[in-house]
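Paired with chain B in one complex and with chain C in the other, chain A is shared by the two complexes that follow.
Then we have the complex of A and B:
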């Protein structure tokens, strides 16, 4: 399986960490019409559409993703009760995995569509990496506006290892 | 099974399997030193010392809750009564190996007391004999802050304060905890 990207959002709805494993293609898909259409003709080897539209920045991606998971999660709660939450959704191009802690920290991972559920993996990232290397780091601030404190070497390296060794 | 017994079991289990132990006297002496230093820094202004302890606790609580959740893997509490049991029987158990009694609920279920039979922070402690500390200093006030910080992170704004302390010659050590409100989810800032 392939992991495309990974995001953490804090309780203030801010993206405090993002990491992409596939480079964003530099050329815009020229034939794209302004009208929203589904990309049926994307070649199988190309990154999925969400990564392919280079007009957007990664910041925009993060905002879009936050909006999506925030609404989906609220909808899941409305329909399924306060404790309900959504776990994953899939498009024809990618699969989005979601894990939220009771402290409202949201972990999001985008993978290819063949990947199994990443819920446990996201929980492991929270417990073994985030809590250990970010929360327990006495020099990092208690909250992380702008990602300060999350982007430390220990966390980034172990995340990299986790994704490349454990998940692939 | 009541939520209190269930919480006791979770606390017991976690204490045995997931918690790294440190020497209790090390904790007691370290904490004592902090309080003593604050008393010195603020020149015996005990109101200010209480305030600083609460603030330190708040910063600890904001982090401690993540460790608590990572260790315990428990979900959201259904109501404030469950929260109280979780704090007393799981939280205090895994971090201080004590389990204060939850009692004195108000009828609206928004306020309770934690009564501490033992308090490792206050072992070996005698309050300064200056005629004021006995009335003004809440020696273990850091705990109030820890609860406030921790619960704020799980969307509960609370207020906590000590109402009695055996160190002051009271019969019990009691902390009063009140739920102020549940905090709504924050929305992302509006796009222009």
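Then we have the complex of A and C:
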């Protein structure tokens, strides 16, 4: 099973954490330890339009993913009732898993299409990693205005371990 | 084992057919269904563009500064199209370097399933239903809402497409891209689905 990327959105639709496991051709080591803020700044220097399509940054990807899961979640609520939850979708190339906490924090993970349901895994990331290292950290801000995001070494390290050891 | 409803969306994102077969989903107003069809049409396009792109290992060292900073330039549809001449002007390097970078940019990424073209959303699951989307070659989308545990949806989808071809497309009074009002299509569809259940 391959995990491509992982995103956390807070209740204000802000992307507070993003992490991609795509091996970069330039420097895999640099992207491994980079914080979400530094990772986003790297592709910002891309030329605006090549091949008739503007080069999307990881920031734009996060926004597109948020828009997608937000629309699908609303669609699920509308058709299935208020207690229905959007769980996952699949295309021919990848699968997106979604988990939303009661406080409207959204966890999104993109994996390959052969992966089983990751709902429990996302729940574990929330309970065992996010709550333990981010929520219980007295220095961590409750809200993340301006896109500072989750900037927590312990959380990032344990997420890395969880994805590389437990999931693959 | 139940099929809740069927929605057909034309290639422009307009709702052309909506029918409920079995209760299970909440009923929406016609306007809400129109909004849902349009929303899904947009989401379907976006899910294709956010396909993860896997970089291939590049050996040419001269192109790495350009290619490393543009990880997403290769669009799913434009991989085989030739470079427009304006793209070369965006690069500050020499024309030869730009051309080399462009050649590298078109080949440095691959999709997770290289043999299969990137599609939009195919199935979506929630706690209460499963949505299966089938897009025809002409862009019409068939959305089938079923029970999450239902299997063999491909067979149902194929049959629905067959009935659509037989009773809608072969209807001389049907206007393309317009709402489907074909009594025989309705009749055959409900009859066939009832026969299965």
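We take it that the second predicted complex is superposed on the first by the 132 of 168 C-alpha atoms of A that agree within 3 Å, B and C clash if a C-alpha of one lies under 4 Å from a C-alpha of the other, contacts with A are read in each partner's own complex, and residues count from 1 in each chain.
Heads up, the rule we're going with is that a contact is a pair of C-beta atoms (placed from the backbone, for glycine too) under 8 Å apart; a residue touches a chain by one contact, two chains touch by 3 or more.
For clarity, every value in this text was computed on a predicted model and none was experimentally measured.
Using the touch definition from the top, say if A:66 reaches chain B (first), chain C (second), both or neither.
first
Does the superposition put A:4 against chain B (first), chain C (second), both, or neither?
After superposition on chain A, A:4 lies in contact with chain C alone.
Just chain B (first), just chain C (second), both, or neither: which does A:87 touch?
In the superposition, A:87 touches chain C alone.
Check whether A:126 is in contact with chain B, with chain C, with both or with neither, and answer first, second, both or neither.
A:126: touches chain B, not chain C.
Output check: A:135 vs chain B and chain C. Expected answer is one of first, second, both, neither. What do you get?
Once the two structures are laid over each other on A, A:135 reaches chain B alone.
Name the chain, either chain B or chain C, that contacts more residues of chain A.
Counting contacted residues of chain A, the larger count belongs to C.
If I apply the document's touch criterion, which positions on chain A are contacted by chain B in one structure and by chain C in the other?
67, 83
Name, in rising order, each residue of chain A that touches chain C in their complex.
2, 4-5, 22-27, 42-43, 45-53, 55-57, 61, 64-65, 67-68, 71-72, 75-76, 78-81, 83-94, 96, 110, 112-113
Show which residues of chain C lie in contact with chain A when the two form their complex.
25-26, 28, 32, 36, 39-40, 42-43, 46-58, 64, 67-75, 78, 81, 83-84, 87, 90-91, 102, 105-106, 108, 111-113, 116-129, 145
Please name which positions on chain A make contact with chain B in the complex.
11-14, 63, 66-67, 70, 82-83, 101-104, 126-127, 130-131, 135-136, 142-143
List the residues on chain B that touch chain A in their complex, please.
Chain B reaches chain A through residues 59, 62-63, 65-67, 69-70, 73-76, 153-155, 185-189, 191.
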